[in-house]
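Okay, so here's the structure we're looking at.
Naming follows writing order (A, B, C and D), and every chain is counted from residue 1.
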């Protein structure tokens, strides 16, 4: 079976979780990345879900929302949302995953609305949920989204989730206590943030450096040692396909 | 069996609870007053206990502390302390009972320390617990304490629980949202607060107007229609003596 | 005294037009959809909705023209993404313009906690540098009087009424809820009154056997409704699973206004109450049963 | 990975001299007296104690000379009133002077909640006009930027370690506690690390069967101790009742310093651990058993 972009993204996202870390998981590809990490190199990672669920084992079945009953059965803590957000604000959370509709070179994300006037948008997006909190307060942020020139923009219309703002030490200047995006994983490549800007680290097997540049809305910086993204191992593919047999999240070519 | 001061005080305290009210109960005499009120004129009163217990029925056995296991068994809510303090600050609590070591004519209570320097007291008292919060935030305060000229003082050494401060509309001027003492029940009499000052409303059967005046450390105002405190009815005495058969709280001549 | 009434009575007596209403406060699960449908059947207007995620509950109410404003962190369809009615209202003013008060999950939780504590606001560092505070318009920027660091002050939210679904409650309104609480308890304690919708109304002794399960005490509750299946298509832990396909069907059916109106006519105005709704679901409802495994014993 | 250690190891490894230590945070019940005794046996010095009520736990530690400061709303002997050691320390500096940071139950709860939320402070209207804020010295007066009304700002308290007693925990530290929580959860979430003292260490499946009972998650916990009877003479819901007479005996025995020293020699330094202490209590301990009634079923 051909390896999908979703599977490559999940495998890379799993590599971003270190053993023993406390991670805000979220749904879709990050959820499966958490499953892969737990079953491979990060057996002691803990997953937090915004509605108040804490798990040290992935749910038995594939989840469609974090509130699905299988995500609560076997949890180690059913907390209140604010208990987990408190851990986040304290600095007890190592990393968090979020997606977005638009992102700029500094990792500022828009999940609120497209258009100049927030009260009269051209396109109303669902909103940030807890993503803006994770972006504000986690020690580092892992961003996952489809790669599209209209999504990777020179400027986003609305900063829902702050990245590095205008770059450099902007976060400290506005009072954010820590954090910022460490990596952007798209359907085409992996972008590492250095000096507050996304730099192409690797392109996926089905993509290329040129594809990444052509589909990015700003002049893209490319790492000197740019390479192909390491494909998922057979073990990792097996875990992904066992957990998402229908490919509901990993084969719809959309994160 | 002779009626004790404790029994007279409990009967009066019970009269201060109206049906359907939400009341911070506390221990000792107020606890028994809550039992009496529930079983007579206030069957729909709700009792709050600072450690987080909410009950709509008195505990099956006499309590020595609010954390005794019988006070938790049969509770309708085991909350966190801050949940109940939140109700108090919101204005959802009708009344609360507290005691004190010292009180002045304006109902300011000291339960912290005797002496000029708080860090080097002549007598270290245990402290206010949640009493200062109830005094600050309940819609009204019911004070119960032994009557002694050294306890009912012209000025208290430390204001742990604010009453009417210097009188009149002092509470509003310092920012307290509501409340203040409605009544002081002592071993000798009942004092109603009018214009922010305690006025003798009634003396107990074993006491007199003169006793109350002689044992109060400020020039005591006396109501024109001062009378004898209504003694506990046979029904109320029976409830008290059934709940506190040893007279642990009601026969030790000390509230 | 018993506060048990029908859902129609509870909504009629406790949710006037223009009321601020918090619901769906456990985020994805335990959304009181039966109450959402009753609000639409009773033609409520100018509601100020409050809830962090709420799934398609807010989308439906917006599409039905019941809503003047939404205070939320996310509004749409958790399974399908965008909510068509929310988009139409914001992009085209159909059926009417809706004012949005943007929040994050943390700031809405803090606003409701402040309401529950009777505090004027809570101070936070989240959203510093985000455009949400300016869009919301109710937050204040400040610096900490302790160390001068930048802060956002999130003002308290105190809903007129919070609608809370749970597994069981007594007739006075002492409610047991388990599974994720999200911001449900803060929303209930912050509200002027609470409508409790219980899968089952039980005796006081059942509630009092486990007071740590109580999410809201009787003293906050104005009405108690016994209604099995009140949360479908959202799940209720230990009772029934989420009906994922129902959310996708709603998404497909509501792409245009006539489609939305047909959907409402079929599932909301076309049924008198939740019992009829469940009969209409028929075998599909039975298939969602998820009784779960018993919790380890605790004694009191 | 398992964090199960002996109480002596937990205290040795997680409570250095000078540490700020929160304990007794459920107020009267579930006070971890075994840990208090071990702190005395190990001769800890300059501790900064944090707890709203703590019953005689703080009095003992003060009498033993372990304490530099106490942050509390009440300190003494709940059954008998005054605590002799606390009085001697404050009135005569015996065995040493102790700095007091006065709080009310609400302000200490707010300070710990602020610590748990990672907020710098919480704003409140309690204690306006009280002498407590001036005596405490760490609060700030302010006016609300929303309406100008007077407020007190209560700064966050973040203990170095919180010691929490509970009915059961798994080896990682996920702890189930039921009965009154007081400020226990805030104190645990606000702390740098937590020592969990469980009546029983159980399998993860027992904890995971009822995640709503979890008061603190493993990620906050540094050590797990299995120790039956750890709270005597305070009660633990569903396990054992309060030993009221023991508090009165302590009160009578500790009226003077030699009496206190005899009491410590008999009940603390004279016994190696809690198992020996319970054997010493003998039939008196057995008589306190209070297994309680089972909670109504909940399924997940």
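The criterion applied here is as follows: a contact is a pair of C-beta atoms (placed from the backbone, for glycine too) under 8 Å apart; a residue touches a chain by one contact, two chains touch by 3 or more.
All values derive from a computational prediction rather than experimental measurement.
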{"item": "Any chain in contact with chain A as well as chain B", "value": "C, D"}
{"item": "Chain of greatest Cα-centre distance to chain C", "value": "B"}
{"item": "Whole-Å separation of chain centres (CA-atom averages), chain B against chain D", "value": "27"}
{"item": "Whole-Å separation of chain centres (CA-atom averages), chain A against chain D", "value": "40"}
{"item": "Junction residues of chain A, two or more chains touched", "value": "53, 69, 72-73, 78-79, 82, 85, 88-89, 137"}
{"item": "Touching two or more other chains - residues of chain C", "value": "110, 117-119, 124-125, 149, 151, 178-179, 181, 185, 207, 212, 237-238, 292-293, 300"}
{"item": "Arrangement of touching chains [line / ring / star / complete / other]", "value": "other"}
{"item": "Which chain pairs touch, all of them", "value": "A-C, A-D, B-C, B-D, C-D"}
{"item": "Chain D - residues contacting chain C, complex", "value": "110, 117-125, 140, 142, 144-147, 149, 151, 153, 155, 167, 176, 178-179, 181, 202, 206-207, 209-210, 212-213, 237-238, 291-300"}
{"item": "Residues of chain C touching chain A in the complex", "value": "26-30, 52-53, 55, 72-76, 78-79, 81-83, 86-87, 90-91, 99-100, 102, 104-107, 109-110, 113, 124-132, 135, 149-151, 178-183, 185-186, 234-235, 237-238, 241-242, 244, 290, 292-293"}
{"item": "For the chain C and chain B complex, residues of the former touching the latter", "value": "1, 115-119, 170, 172, 174, 185, 189, 204, 207-208, 211-212, 214, 217-220, 300"}
{"item": "Partner chain D, residues of chain A touching it in the complex", "value": "22, 44, 46, 53-54, 56, 69, 72-79, 82-83, 85-92, 137"}
{"item": "Interfacial residue positions of chain B with respect to chain D in the complex", "value": "49-53, 64-69, 72-73, 78-82, 85, 88-89, 112-113, 118-133, 135-137, 158-162, 165, 170-171, 174-177"}
